[in-house]
Structure formats: structure tokens, C-alpha cells
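Below is one structure, written out as C-alpha cells; comments come after it.
Letters A, B, C and D mark the chains as written, and numbering starts fresh at 1 in each.
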Amino acid sequence: MPDLSTIVAEIAATMRAETARGTVADYIPELRRVSPDRFGIAVVTRDGEEIVGGDADEPFSIQSISKVFTLTLALGRVGDGLWKRVGREPSGDPFNSIVQLEHERGIPRNPFINAGAIAVTDVLLSGNRPREALGEILRFIRFVAEDEAIAIDEAVARSERETGFLNASLANYMRAFGVVQGQVEHVLGVYFHHCAIAMSCRHLARAGRYLAFNGRIPSLEAGIITPDRARRINALMLTCGHYDGSGDFAFSVGLPGKSGVGGGVLAVAPGTVSIAVWSPGLDAKGNSLLGRIALERLARAMQWSVFG
Amino acid sequence: MPDLSTIVAEIAATMRAETARGTVADYIPELRRVSPDRFGIAVVTRDGEEIVGGDADEPFSIQSISKVFTLTLALGRVGDGLWKRVGREPSGDPFNSIVQLEHERGIPRNPFINAGAIAVTDVLLSGNRPREALGEILRFIRFVAEDEAIAIDEAVARSERETGFLNASLANYMRAFGVVQGQVEHVLGVYFHHCAIAMSCRHLARAGRYLAFNGRIPSLEAGIITPDRARRINALMLTCGHYDGSGDFAFSVGLPGKSGVGGGVLAVAPGTVSIAVWSPGLDAKGNSLLGRIALERLARAMQWSVFG
Amino acid sequence: MPDLSTIVAEIAATMRAETARGTVADYIPELRRVSPDRFGIAVVTRDGEEIVGGDADEPFSIQSISKVFTLTLALGRVGDGLWKRVGREPSGDPFNSIVQLEHERGIPRNPFINAGAIAVTDVLLSGNRPREALGEILRFIRFVAEDEAIAIDEAVARSERETGFLNASLANYMRAFGVVQGQVEHVLGVYFHHCAIAMSCRHLARAGRYLAFNGRIPSLEAGIITPDRARRINALMLTCGHYDGSGDFAFSVGLPGKSGVGGGVLAVAPGTVSIAVWSPGLDAKGNSLLGRIALERLARAMQWSVFG
Amino acid sequence: MPDLSTIVAEIAATMRAETARGTVADYIPELRRVSPDRFGIAVVTRDGEEIVGGDADEPFSIQSISKVFTLTLALGRVGDGLWKRVGREPSGDPFNSIVQLEHERGIPRNPFINAGAIAVTDVLLSGNRPREALGEILRFIRFVAEDEAIAIDEAVARSERETGFLNASLANYMRAFGVVQGQVEHVLGVYFHHCAIAMSCRHLARAGRYLAFNGRIPSLEAGIITPDRARRINALMLTCGHYDGSGDFAFSVGLPGKSGVGGGVLAVAPGTVSIAVWSPGLDAKGNSLLGRIALERLARAMQWSVFG
């Protein structure tokens, strides 16, 4: 088995030098301001060792990766009742498609497309004020990431709100079918804000430990969720975590993972490590281009694929 | 860790007694004749041990499970060139949907929906006569299953041909876009015949060993495909192996697997075992109802999920 | 040629006695309160004669029929530039479908489905405050109907607003593509209010005269629009005026017409008459059931079909 | 009212000189061989006068215009029972779309898209051999066109058959749902052959007389169909006769009409004239580009629009 530190360093160096870096997301104006040259990677092992490379300590907008944490919280609150409102199947459509909602009477296909994550946010909002729901999300992320400084980038949140008409369309559509039950404005407010949370690779990799290690954070001796639930969230990340590129990510990387349009990817090798990579340039399906390539190399070199 | 033999025996007994058994496929008339009471299970370990339960030695129509073997052969023939003609993404549609083909100019989403498997069959037919292509498929399956008696059920093949208008529609559609290149009649003939291959759980589990064990059959000391290719086929089985129920199978079972409307499922726990189960009754999405339940219990009891 | 007064009286009597009356729209709570027993009809000839039957002077919610008037005003304001934002083809989808918008980048298929009418409303709002835009619509309708008392039913407008999530979804979707350019809240406000205008059959038939008579109201000696524009609006009513039942309406009635979920239908026999009927019960596609039957009998008896 | 002969002559001259002529259909290889310079027009009045211009006596492939005649025959055979198998609504999709068939369980939206015309052909074939069905179609067309020399262009029929995979896909799809009931090969054979009938504008305009004149051919004193049926076929031509450009044709021309990819259009001004135009270059939706422009000018100059 090769040495993890060496490999991480090599990957960071190679990715830094790569010229084909994809395209930085431009549909949220604030995200456009990030330099495409950035690349970060962090790997956390069972015993808490952190191997990092590149810009691993620079915070970036986690965007859709936040959907993993809101899903965890919503399952904690309503358990399997969640699956009455959200499906568990890959969508075969882009992340912001509304076609599927019309065909399936307002039930989003899975919790990781935008519509599904908005429905999950609605669950977290139930009985709470927006500020409380957001507080709960932030507290959870700060705890599992072991960093009290993690915060929302208000400029990004505002930018999303001002341009988030497709998400408003999805939310209203689900509201028409009772899948979203709260006030649409509140649900979107919370959704835009949790997508605008900024984290570094190091903190994100830490935050993924409970998924890598059977629902527990070994070094904290903290049980976050049951092993069963961790397993299932991992399954959802593998089948649905990269929008309409999920099949390809499973095919080439072979790890459960969740990407965000900020260029981050959280991935786990169950029982072994939690990993975060970041490179702002995206491929045609909205997933980090170098992020996927870095993870493919890492998983192959370390033989971490869940598929043998 | 519990004892595998005990668990397999318990599962076989419980499944035998189960009253809610799903619905036997009726769109292929010959398949209707199978008794819904059947249940079989077989597990093959790395060192070749075979643990079986129920009707594990009764042959059944493997139907779409044959798509795993034809994919293996087509990749052997044209390598990654295959992916110009067939995608690698879950479809979000029923197994026989044609909508996706129209939206994506005749390229099927993956090799495990009907359209994709027909395109894969076309690759195997290229330069061959139908009889030769079928012979190649049968020889491969007999070899990896270690049973020279495995054969095509001609009554089923005929029945499929006589009622296979949706598949004829798919094949003609792809022919219009040059994705299928051979004569439609020939391609369908080979496709209907390989779907009509009959195998027992024992032989099917044996046939899956090369996917479970990095492309090799350890007890035969035979290398079938590269470890990389085995890993990738497993990834495709996990994301696409159960049609529009693939997400749910990953969520509840957590193993790469491929189902057929004959009620069989082939699944692998990479590095550990190859498994086949059979129960003819299907759920609403066309997958074996008790097959999934049995695999879920087995994977949970043995902690075989790839997701931790 | 039979006598028009006799036929209108006969139709009113028959429709009054009919027992199969369709289903009163229930998705807007206020509309539910209307009795399904109502039936009204009014026919206005070129020389201004008004032949009425049943509840011809009872106001009802014109709903989507208002789209004819807002289209007329929007064409007056931006001319053929309107067709950059709205198509002119039948949709093949229900009135509130959003699937088509996704497939055609936010451009609604025609001005008579909800999405198209919302885009048309946005045009009327451009540079105006909502109150001004509404005032312009009301003034136009009062003028062509020759009744200054025509007003908005505020209870209906409020009811639409509170339950109009699908329309909010459509408006936000189009806003994302720049097809709607004003504030979504304002556009929806004006849209819900003009749909809530209440008119009687007599006034509605009067209001349709400019479409029946080459853009002019003969008895007022008033030119409203050019003959060409009247012809084209009639063409749009014929191909798109009854949502996904437009083909059937053309087939059975043979007149340009526009229906509303309040149970009204405005139809014209070009050069001959303007007609309004009202019966609150709807068929499966959301068009007045007895309205269509009454118009079919009338057009057949008087040989008014535009198709020979 | 301007003089019809003068106008037809002017239109023929202008269209002959036009440089933007659209694109000759190339998906049927034989059709590619026609020169885009051709333009023909023929108008037949109630008293049998024939006003022609350009290449009015040169035969061309009528293609989908044949669907008007097969619909007439199928209605003669099974009456309104036809509407159990074929809808009467515009499709909102291209002429060869299969998406709609999947969404509506194999029932084509109308008799003028390919799927619908194939289903109509199946009705004509019921109880007949292909040769007999074709004979019936030819005899009917020769009778209404008053030309016994009208024939099938076998090279075109063969060319369609060899490249008609999308149509084979549609036919097989409908066969799966029992909408097509005969042998798919036979149905397609008859379909491809009736689409390959060659006619001149003069003969085509004659053939449309029964639709223009209440089901009768006045100069022959022959009743072909009831006035009611003529009216309804005209309604279908207006709402569905130009595929996904039907709304636009109604909007700009205002006459019931049916186009074919050979570049022909048959149109009728009910009670007044039957018209045929021909120009091989097509617009983006597959309808004759100059054909539509010529009809728009003619209808406007003569004030023939059915919409006032």
C-alpha cells in the first residue's frame, strides 16, 4: 500500500499545475469571484490524523454539500417519515429540473437535487422560525467539524436569493402539492443560507467523519447517528450525490460523495477515511472537474473503491 | 459475526413461508407459468464454498441478469469505445422507457435498461452471425458458472419474440440514430435468446464470482477481466442494476446487484461473496420482491453493505 | 335557416334540464360556491341585436377568458414583439403544465395557457404600477362591454392568490429566463385580479364583438384593432383557446373560442355573431361541459362553423 | 375583390424568383433529388374552374398529405370508432415524436402525426391484404382527383422503407399497446407506399374539393362524405395539419391545410376553393417554406381566412 501523505502531496501538486480546470459557476454572481486556480484536499483517518494538501484551509462556499447535513438533521427529526415527501432514486435530470416534479405530483426524486433539498429544509423549518432552523444547522456543522468559526457568507446568500428564481419555482411547485408546507419565503431563506455556508477542506473532511465511521466520530467518542442511517446516507450519496453525473462518479471514483457548485466534494471510504477536495472549476454537469479527477487518483492509488 | 449457513437457512425458511410475494411477470406469457412459491438462494465464498437454501438448484429464466454477462463481453471486445454508444447514468425511468432515447438522440442511458442492453447486444453481433454471437455468450456463462448444461429456454425466447414489440420499438429507434448498426431482426433475436437463458441460483452465484473477486475466479485460478473493469461493472450494477428501483436497492441492501423479471437477482459483496437469490414475484418496479428482502436481511446480518 | 331566438331559447331550456353537468372547479375555493345549476347564453349580432337565454345577466368569474383581453392590450402595446416572449402553438399539455417551459427555455407555448398569460400580464405591467395595469384592463373591458359596472370580485382574487402556488411556480420559472421581467409578486397580483373579473354572458358577448367583426364594434362605430389582428387572435383562440381540449372544441364546435374555469366560454362566428355561454360544471380538461354542448348545437343549427 | 387569376400569376412569379427557399428534405434519400427551384400552385373553384401557376402539372411526392385521404377512408370504414385509437388534439411535438405515445399509452394524439397516420393505416388494412388496402387508397385518390394515371413512386417507397426506422419504432410501440393490430411489416408497407404517391398541384387541388365543398364535388355531382365529416376533417387540418407549426399556419394563413415533407400543401377555403401549392424547400418544422408564404399572400389578397 502506498503512503497516503505522499499521494496527497503528489495529487495537490499535479492538480495545482493542471491547465484544463473547468468553468467556475456563474449563475450565482458571488461565486464568480473565486479564482479557478484554487485546489485543496484534506483526508481524515479513523484515528483523527489529518493529511492535507494545497489550499486545504481556505474556506469556500459548500453549496449543495450542505444537503448532506440537512438530510442528517431531518432524518433525526422525522425518521423514515421523510420518505413520504422525498424519493430515494437518481433523477436522470439536471439538478434544477422541474419536469420530474410534474410527473410525480410534487415529490422530488431524492434529497440531493435542489427540489429534494428544499423539501428537506421545509422539514427542518417545521415549528421553528427561520433563524432557529439555521441556528440548528450551523450548530450541527460546527460540532461535527470541530470549528466554532464556521459561518454563512452573507454576500453569497444574498446573491442566491436575488437570482434564485428557479429554486423559487421549485418551492412553489411543491407547495402546491403540500410537499412543502411552510411559507415559501421562509423555506427559501433557510435554504439559500445553508447553501452559503463557507468551510475549508479540512473542516469539511472532519464533518464527514460520522458518515465514514458508522455514524460515530471516533476521536470525539461521539455517536452522531446509527450505523444503519450512516450506511443509507452513504448509499444516497453514491446514487444521487452528483446530480446527473452520479453514475459517472460511481464508475470512475467508486466512493459515496456529494458535490457542490462551489467546487467542493465530500467523499467517504466507509471504515477508512473522510475526504474533502475543492477546485472551483466545474464540468458540464456542474460537478468539480479537478475534484473528481483528484478523487479518482486517490481512490485508485489507495484502493479505496467500495466496488472491489 | 453470525454463522453464514445458519443465516442462509433461516432466510430460506422465512421466505418460503412469506405470504406477500409480489406478482409474477405476465408480459412474457411463458414466465407466467412459474409458481410464485419458489424461493432459492446461493452464496459462494472466495474459497469456493457454496452455501445454498430453498430451490437453489432449480433453473429459472435469468432475463435481464444476462445483461451483466453481455456487458462484460462487449467491453472485452470494444473496451471503453462502448461508452460512445451507451451512457453510464441511472435513467429515472422504467426499464422499457423510450422517452429518454428521444431526448438523448438514441443513446441509451446505461447498459442495464432494455435499450442499453440491446445496443450492447448489437456490439456483440458486429461481424458475427446471430448464432455465433449467441454461442459466445453461452460459452462464457457456462465457463464462469462451471456448468456445460446451461441452455436457452426456447419456449421463453419464442414467447419474448412474439410479444416483444416495445423492444422492437427501442431497437428501431436506436437504429434510426445509428446506435444500433446491425439488422434489427438479428439484434432482437440474439437479445431475446440471451434473456431466455435458464440458470439455477447456484450456477448464477458461481457466475458472479469474477465480479466479487477483482475480475478473477479464485478457485479456478482464472482471470476473467481486469480488477478495474470488475470494479466498474459493480459500480454500474449499484447505480443502474434495478431499473428505477436502483436507488432503493442501494439504500436498503447496499450491494451491487442486477435483477431480472424472472425473479432472480445477482449481487456481490466485493472481496467477500457472490450471491444469487430467486423468487418469481415482482414489486411495482419489476424487481423480485422477496429477492430484495432476502438480500437486505443477509447483507445486514453479515454486515456486507459496501456503505459501512 | 332556423330562427336564432327560437334556437337560443330551446338550448337554454334543454341545458337547464340537463343532469350531467360536469364538476365545478374546486382548486380556487371561492369558485366552489357557485351553483352547478346555472346556465346562461347571449348572442350579439352585427347590428347589435342581443338574443339571450337562461341566466344571461348573472355575473360570473371570467377567469381565463380575461386572457383574450390582456392579449389584445399587450399586442396594442408591443405589437409583434410579443412573439419573442410567447409562442403561438397549441401546447399538448394541461393549462398549468411547467414541463414545456423547461423544454423551451422559459418561453410559454401560447398566450392562453397560464404561463403565457402571465408573460402577457408582465408586458402590460412594464413601466406601470400594478394598480395602473389593472385599471387599463378594466377600462378596456368596460368599454367593449358597454358596462361601467364591471368589477373585480375581490374574494375570488384573494382566494386565487392564497392558493396560486402553481402559478407562482410558473412565474418564477419564466423570471429565471428573463421572459417575465417585472417583480413576480406584482405580475401575479395583476394576473390573479384580472382573472377575477366578473361579467355576465350579455356583457361578455358584447365584449367579443371586436373579434367577430373585423376588429370593429359596428353599433358603436368604433375601431378597436386592425382586421388582421382580430383574425390572428381568432386563430389563436381556435388552436389554443381550450387548453388541451382545443382540438376537440374545433372538431365539435368549429368556432374560435376561449374558456375559463369559472364555466364561461366566449366564442365568435367571424362576420356573424359574438357568443357567450356559461355553465359552471367543467369537463376533465377544465372546460365548461354544457358550454361546449350548447355551442355545438347552436353552431350546427345555425351553420356557423368556420369549417364549412 | 381582386382578380384571382392575376393574383395566382403574381404569386407564382414572385415565388419562382425567391432566393430563400428552405431546405429540401434529406431524410428520405429519394426526396433529395428534387430541385429546390420548383414552385407550383393550383386553385379550383366551386364551378370547377382551375387557375394554375408555375409547375402546377409536375407530379411530386405528396407524403403526409396522403394522411387526409386515408383518414377519410378510415372514417368511412369505422366511423367515430376511430377515435378510440387516435386522438384529436394538436401534439406540441415534432411529427415523429414517440414521447407522447409513452405518456398516453400508445394512443397517438391525432391522425396527422406519423404515429396517428400509421394507426389509421392499420384500420384500413384490417381484413385486407396490403395490396388491397393500397388499391383502395389509390382508387379513391384517382376518383377525387379525376386522374387515373396517379401512381406510387416505387423508388420513393423503397427509400422510405429502407430508412424508416423511426416509423418502425412508432408502429411497434403502438402494436405493444394494441393500437396497431395488424402485422407491423404490412402496416408500414402500406404506409410507406401511400406516402409515396405522386401528384401534381392540379390533381391535388381537385382531390381537395370534397373538403372545400361540404363533402361534395360539385362539378361531378358526387357526394363523397357528409358535410359534418368534411367540417371535422377541416377542423383537424387546421389544428393539426402542420405538425408543430400548426398554430403558426392558422395564425398566418387562416385556412385548414395539410403539408407533406415533399413540399406540398393542400388547403381549403370552405365553400370557396380548394388549393394546392408545392415548393420542395422546408422550414425548420418540416413544412414547405414558400408554400406557406404563397398561401398567406393568396388568402390575404382574396380575404379567404376562416377567421374573418
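Before moving on, here are some points about what is shown:
Assume contacts are C-beta pairs under 8 Å (C-beta built on N, C-alpha and C of every residue); 3 or more make two chains touch, one makes a residue touch a chain.
Small disclaimer: the values here were computed from a predicted structure and weren't measured.
Among the remaining chains, the Cα-based centre furthest from that of subunit D is the centre of A.
Subunit C has its Cα centroid 55 Å from the Cα centroid of subunit B. With each centre defined as the average position of its C-alpha atoms, the distance from subunit B to subunit D rounds to 47 Å.
Taking the mean of the C-alpha atoms as each chain's centre, subunit A and subunit B sit 32 Å apart.
Multi-chain contact residues of subunit B, defined as those touching 2 or more other chains: none present.
Judged by the touch criterion defined above, the protein chains form a single closed ring in which each chain touches exactly two others. Going by the touch rule set out above, the chain pairs that meet are A-B, A-C, B-D, C-D. Residues of subunit B that touch subunit D in their complex: 97-99, 101-103, 165-166, 168-173, 175-176, 184. Taken together, the subunit B residues at the contact with subunit A in this complex read 87-93, 100, 109-110, 211-214, 227, 230-232, 234-236, 238-240, 244-248, 250-251, 254, 256, 268, 270-271, 305-308.
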